[in-house]
Amino acid sequence: MLDVQSVNLHYGAAQALRGVSLKAEVGKVTCLLGRNGVGKSSLLRAIVGLKPVSGGTIRWDGGDITKLAPYERARRGIAYVAQGREIFPLLTVRENLLTGYAPLPRAQRSIPEEVFELFPVLKSMLDRRGGDLSGGQQQQLAIGRALVTRPRLLVLDEPTEGIQPSIIKDIGRAISYLRDRGGMAILLVEQYYEFARDLADDWAVMERGEVMLAGSRHGLDESEVRKYLTV
Amino acid sequence: ARAQDTIKVGILHSLSGTMAISETTLKDVMLMLIEEQNKKGGVLGKKLEPVVVDPASNWPLFAEKARELLSKDKVAAVFGCWTSVSRKSVLPVFEELNGILFYPVQYEGEESSRNVFYTGAAPNQQAIPAVDYLLANEKVERWVLAGTDYVYPRTTNKILEAYLKGKGVKAEDIMVNYTPFGHSDWQSIVSDIKKFGSAGKKTAVVSTINGDANVPFYKELGNQGVKAQDIPVVAFSVGEEELAGVDTKPLLGHLAAWNYFQSVDTPENADFIKKWQAFTKNPKRVTNDPMEAHVIGFNMWVKAVEKAGTVASDAVIDSLIGVTVPNLSGGYSAMMPNHHISKPVLIGEVQENGQFEIVSQTPGLVVGDEWSDFLPDSKSLISDWRAPMSCGNFNTATGKCGGKGS
Amino acid sequence: MLTRFLLLGLDKRAGVLLTVLAVLAVAVPVMALAVPPDSPFHLPMHSVSLLGKYLSFALLALALDLVWGYCGILSLGHAAFFTLGGYAMGMYLMRQIGPRGVYGHPELPDFMVFLNWKELPWYWQGFDQFWFAALMVLAVPGLLAFAFGWFAFRSRVTGVYLSIITQAMTFALLLAFFRNDMGFGGNNGLTDFKEILGYDIQAPATRVGLFVATVAALAAGYMVASSLVASKLGKVLVAVRDAESRVRFLGYSVERYKLFVWTLSACMAGVAGALYVPQVGIINPSEFAPAASIEAVIWVAVGGRGTLAGAVLGAVLVNYGKTYFTAALPELWLFALGGLFVLVTLFLPKGILGLAADRFRKREPAAAVPAAASKGA
Amino acid sequence: MPRALRLWAAMLLVVAATAATLSGALAADLKPLVRNLGAGGFADTEAAIAALAQTGDPAVVPVLQALEAGDLYVRKEDREVVRGSASNGGYTLTDPLGGAALGEAGRGAVDKIRINNSLRRAISAALGSLTLMSPDAGARRAAADSVFKTRNPDGLAALETALGRENDPAVRSIMEQARAAILLTAAGTPDADRLGAIETIRARGDQESLALLNAVRSAEGASAAVRAAADKAFEAVEMRLSLWGMAQNLWYGLSLGSVLLLAAIGLAVTFGVMGVINMAHGEMVMIGAYATFLVQDAIRTYAPGLFDASILIAIPVAFLVSGAVGVLIERTVIRWLYGRPLETLLATWGLSLVLQQAVRSIFGPTNREVGAPSWMSGSFELGGLVITHGRLWIVIFAFLVFGLLLVALKRTWFGLAIRAVTQNRNMASAMGIRTARMDALTFGLGSGIAGLAGVALSQIDNVSPNLGQSYIIDSFMVVVFGGVGNLWGTLVGALALGTVNKFLEPYAGAVLGKILVLIFIILFIQRRPRGLFALKGRAVEA
Amino acid sequence: MSAENTLLYVDGVSVSFDGFRALNSLSLIIGPGEMRAIIGPNGAGKTTMMDVITGKTRPNTGTILFEGGTDLTRMDEAAIANLGIGRKFQRPTVFENHTVWDNLELALKNPRKTWSALAYGMNPKDRARIEEILDITRLSPRRERLAGSLSHGEKQWLEIGMLLAQDPKLLLVDEPVAGMTDAETEQTAHLLKTIAGTRSVIVVEHDMVFVRELGVKVTVLHEGSVLAEGSLDSVSANRQVIDVYLGR
């Protein structure tokens, strides 16, 4: 289980997160909602280790990972799909996928079939450079790459951005499949409300660097949530 | 008041940059000479104090440092410079501030300043005797004049061309080749030389290649099998120090012309080498010609100062002319009125151990000729810094000081 | 319009720098000429020339910072413009020697006489006139920069590719000027100057005059540069630096903007070179050496890239350091200077003035943007 | 007895007889001649050599060889010429003629017989005619070569005898050429012989042949037929030579190119792949060269027998030393500068100053000698090409290093990881790649390769603190010209620049040639603003 | 088809990258004041089409005419932008070292010549316009921030703001609502609708709710050429469109 406890985070003097706490359980999808600039991505960056926190703790799997370097967190099974895709532009699609081998022991180094089932376009473009792909293709690549690491915590930052509707549906199905398969916690930041609502087991809503609402799917009061999402 | 206790001597040699490779040694020689002199009690009862600065192979910096030495440190004399351009750069400073510079390196001539004493060779003390040797002993008929593209090789080659043509060598038997500083790929040029040399006439190379470029040049000569017996190379800028960086086995017999070789067999030289190796704590440390020039220059300066009884520039400059000190090759060098000195000219062949075997020596001393007789515009110039002439470029044709005009 | 433009650049930092320059322009002549030599306030003549040299380097640094700090053009060949300006001035000074050369030729400089040249080459004509030389000081570097920039910017050569071809340019010039056949004195360059505008170049008053002229040129250059960067044009330049192609989609012709500052900067560098030459007394091809250009870049980086005052400060400090260390630590000064460069990079990432700027910046801190950081070279 | 046999027998008899008389009767007469070698000045020695050669006695061969090697001394007490070999503090003396031991002598007791170039020439000419019949084919070949060079008509008879007995076809053909050369230069050769000789010389077809034919062509009193034949042969040889000249230029280009390649390839890693504007790259090369020097120095003092392997030993050592320095630099300085590529310029410039001065302080400012192992010295001929061994090995070495690096970067996990790290450090780390370790290893790799370049450069250039400085600019040119980040670009760029340079040099001269190459680079970049092998597409523009 | 009376006339445009055809003789006509939505699978060539129109990519074949006569394929990016074609990129690109305010100032419709930039002084009209845009994009509180420190969504808004400031005749908007909340999406749709009429707009978006909101003619691209055209309802009923794009 991922357990974020009262995390603070600063960009220079500006505080982006104020005492944020969040849990993401294995076998569940936890959705994080909120308007632009409220700190969703910042929280994810803190979880995967790309941005050091200035206070609070992050625990995963019972261990404290607050101070670990990103690559060590990756070794503990945390995979990250960044906002804005962040693929390696000059590596080919295949090489981009292969980078996912880094945290794996030799025996497990293979690309899982589900990646190509989910995103068939990647298979046909294996030798094209990642940077040459279209925006949506890159997004697919980013998700596929994260899956190669066989994560136990999958952190997704707006994974549907720029993706065509049919594939969004596929991604949705894939996420629930991964959840149902068990053994994986999924933390999802999403603006596409319906998509999030359909998937979420648990959810949290942020506002100005703080978590305002949190709960399980059953306790979800849609109008209350929407209040935080409108302007 | 404290400054009165010592006499400061400036040392203006590059300790970094491209010229450090040659000049650092000269700084060390100067430190040794000064130390020795101090052991003997200094000069005029005062200790000498070396002031070392690093002009960093940067020509404007030479001028700046010279100015600093003269006006801030108030040194009595400066020993320094290697390249012509560094000397040209400091020259106005020495003239303006009326300092004294001892310049220890062979150069192209065409200069005579009241404030500079040239203890290295002028072209007639090096190039011409070398060519004479090749003409007489090697019966050379074709000539390659290979040099780095700067003033010294240009001038020397110009003088040599004129000289050779005067000896009846045809224009097509002279090949002139210039390369940039630090040239390191000599494949084509060496092969051109081989080609030029296989036309059935005895061929020699006169090299005014400078500094760093020599090592790759000689390595290429060795590799392409250009043997001294077939095409000898005579160099004016390659001494023991330069050879220390190459494997000399394939270079056996190539020549150099200098006024001093480490292999000179005299007690003075043996003594000097011993002191030098002790000073540098390196029993393999070699000596070379510009070092000897500094030895001569320094001794001359000491003698002149004692003669004048003061370190004041004007007095020392005047008393320097005519001063005679022993050189390391067994004779006496004298400071001439043109501020150049008299020296023997030695030709040496490279040996396997990196030393030179002296194969020829001028019977007497040769006086440095600042204005070459083989260049049309300087033919009629002479220099004499004694009163009443006191002129560096006196025109014997017009009878006036100041070149050919005025 | 011009005054409004120049007022643009007058912020607090400019005020400080201009005041310092004004003080120098008054104090140095007084201390050098009027204060008696035994007074502790006396400034020896060689210090005046040294200061003058630093300040002409500062002008070069300023010119470089304009293109590098604000427009992102890392020129590794700026010394070429500096040196060309220097040569233009040097040629004037050579012509001023007249028949006082060693060979006494009425017109030909010594090095030509001694290489048997018979008459003055065409490109030496006119340099006996100061106004012509002054024009050439601007025109030669300016035209070269214009031609070079016109091709390079139109072909969209950017980044290291541009840097390296600027280096190739200066390297080619170095080799060319080394050639004695070029008629610029080869390796020895131009030296042994006697007079400038009829004044003895070694006379204290002339030296002080040259110094004051340098201060004035630097001040003027600073005013122009700082107004430029404060104007909208300056903002466009910064935008070009950060996202060149995005600027194009806004309709700005990036080539023209670059060409404009590039040429302007080259002219400034030329002026710097012209002021440098009479104060150090020699100009020769080694000033074209790529290392010289890189050093200028280093000055800017040390002072603080993208802050004009930083460029000035960096040039003065590094050169003073060089003067000081080469005398005080002749055998170890490279350790000192090299170490300094490393330390500045590590501990003052934005240069000396960058540090100061961070301290006093009112705005929120600048972005250490992860995405931008990954872009690499 | 058939005629041929009889002739054979007669000839054998004559030869045997001569040999017997010479060795027996004249052995005593050689002594004073040898003694003359030490008589005085160079001119006297030369006369003595000539006299010795005149005897035609093979016994003088070792004497002359000893003289050439500088092993002959004059014993001061009796002016006797002896052969000396250095033994502790003095010399062990032997008789140059018989080899009989003559005891020991102190340093001061003997004077070395000095030789100069003209003596060396005289010796090889003398040895030439004396060793034509040596049992060693190599010696015969050298002898024939030297006869060809001296073209001494007096040697014709000996040469013809030797030719009659020669079985080795290669030596035979040189002897024939030597004979032809003598025939052509000698006066009074019949036209028929001359024409034959011209054919032989034409077949030889080198620069010397050209000179020889030219002399024949312009000789006065040559018949029209001979002149015409010489003309034709001259043109044929000239044609052949100019073709080979092109090939030679190509080879020079290739070899210069591979030097550039070696110098640049480390930079292709630190700068091309990692994006560090590495001004200290040249110093890494220099450190490699000094490592080579140290290895060789150690071998010279401790295991002189290994000298020929010294370069091979130096290769891993230089790689490790430079690599280690690289890792150190990365860990202490560069790693703070990722994402600020321009600052790396400042820091590495500072480092390069420090490293230069450090080496200067430790090893002194002067050049250090790195010798060439025997398998890297000298040259061989391939048709009309002269290929020096050293250059050949450098070419091979450069390609080898290039190939290995290519494999390492393109085919291994390490290569993939490092490319990922340099393209997006944060994301690579989030993917689980140990970015810090990768950075250090890569910088170390690039520096290590620079060290390898140092090993090669120590063979052709100065080993001095300035070594690196002279290659840094060229290296950057090559990497940028080829296209940053593309190894193939670096390869092609280096070879192209090398070749262009070498083709320009003969026409424009070295200085102008270099200027033209620089202008070529500037213009080329206008056509291809991202280098020769530019990456295209969105991936780079984004 | 004729080029007269059209604002943008794209005919038979093909683009290929190393043999891959990203655009395959694409034709498209936009009238003055028209707004057009473009949808299509990932990799269909939508962004490439914008690249071709704005001069970033040169087409291999085909014509692109602006305002009936100007041939865009021969012009560079700056010249095309000056004709009045503005663009918002799929991935937000703003000037990270400039403040939000300066970003807008640079985008503002003003003469682009070097000298004009040198002599430019902020006038009240421009100031008012920037304020207005800041309001629309809700970036007023961020005006003094460096654009680099904005969140992803804020950068999206800033880019839209810059497009508005440019005041172009033709707006090319690539995925404007990616990363926006539903409410913002609605707002953006409204904003674009107000612009259309006086300006022509081409919008690329995958958000069907948004496209429906726009209520304009839709073009479906697939593999570099037009697959279907018409109202959203009609194209969404198209089997092929469902197969390749919408999914079931």
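As written, the chains take the letters A, B, C, D and E, and residue 1 is the first residue of each chain.
In this text, contacts are C-beta pairs under 8 Å (C-beta built on N, C-alpha and C of every residue); 3 or more make two chains touch, one makes a residue touch a chain.
In this text the structure is predicted, and so the values were computed from the model without any measurement.
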Shared touch partners for chain A + chain C come out as D, E
Per the touch definition, the chains contacting both chain B and chain D are C
Note, CA centroid farthest from chain A's centroid sits on chain B
Of C-D and A-D, the pair joined by more C-beta contact pairs is C-D
Averaging each chain's Cα atoms, the one nearest the global Cα mean turns out to be C
Note: chain E sits from chain A at a C-alpha centroid distance in Å of 29
Per the C-alpha means, the centres of chain B and chain E lie apart by a whole-Å value of 74
Rounded to the nearest Å, the gap separating the Cα centres of chain C and chain E is 44
Where chain C touches two or more other chains simultaneously, the residues are 175, 178-179, 245, 331, 334, 364-367, 370, 372, 374
Shared-interface residues of chain A (touching two or more other chains) are 11, 14, 50, 84, 86, 132
Contacts with two or more other chains occur in chain D at residues 356-357, 423-424, 426-427, 469, 511, 514, 537, 541-542
Given the complex, residues on chain E that touch chain C span 54, 56, 76-79, 81-82, 86-87, 89, 93-99, 102, 105-107, 112-114, 117-121, 144-146, 148-149, 162, 166
Residue set of chain A touching chain E in the complex reads 11, 14, 35-37, 41, 83-85, 121, 128, 132-137, 139-140, 158, 161-170, 191-193, 226, 229-231
Counting only contacts in the complex, chain B reaches chain C at residues 15-16, 52-56, 58-61, 63-65, 67-68, 71-72, 83-85, 88-89, 91-93, 96, 110-111, 149-151, 154-155, 158, 178, 180-181, 375-378, 381, 392-393, 395, 402-406
Residue positions on chain B within touch of chain D in the complex are 15-18, 20-21, 24-25, 137-138, 149, 177-180, 182-185, 187-189, 191-192, 194-195, 198-200, 212, 215-216, 219-220, 222-225, 228-230, 232, 241-242, 244-247, 250, 253, 255, 349, 352, 357, 359
In the complex, chain E touches chain A at residues 17, 20, 40-44, 46-48, 90-91, 138, 149-154, 156-157, 175, 178-184, 187, 206-208, 244-248
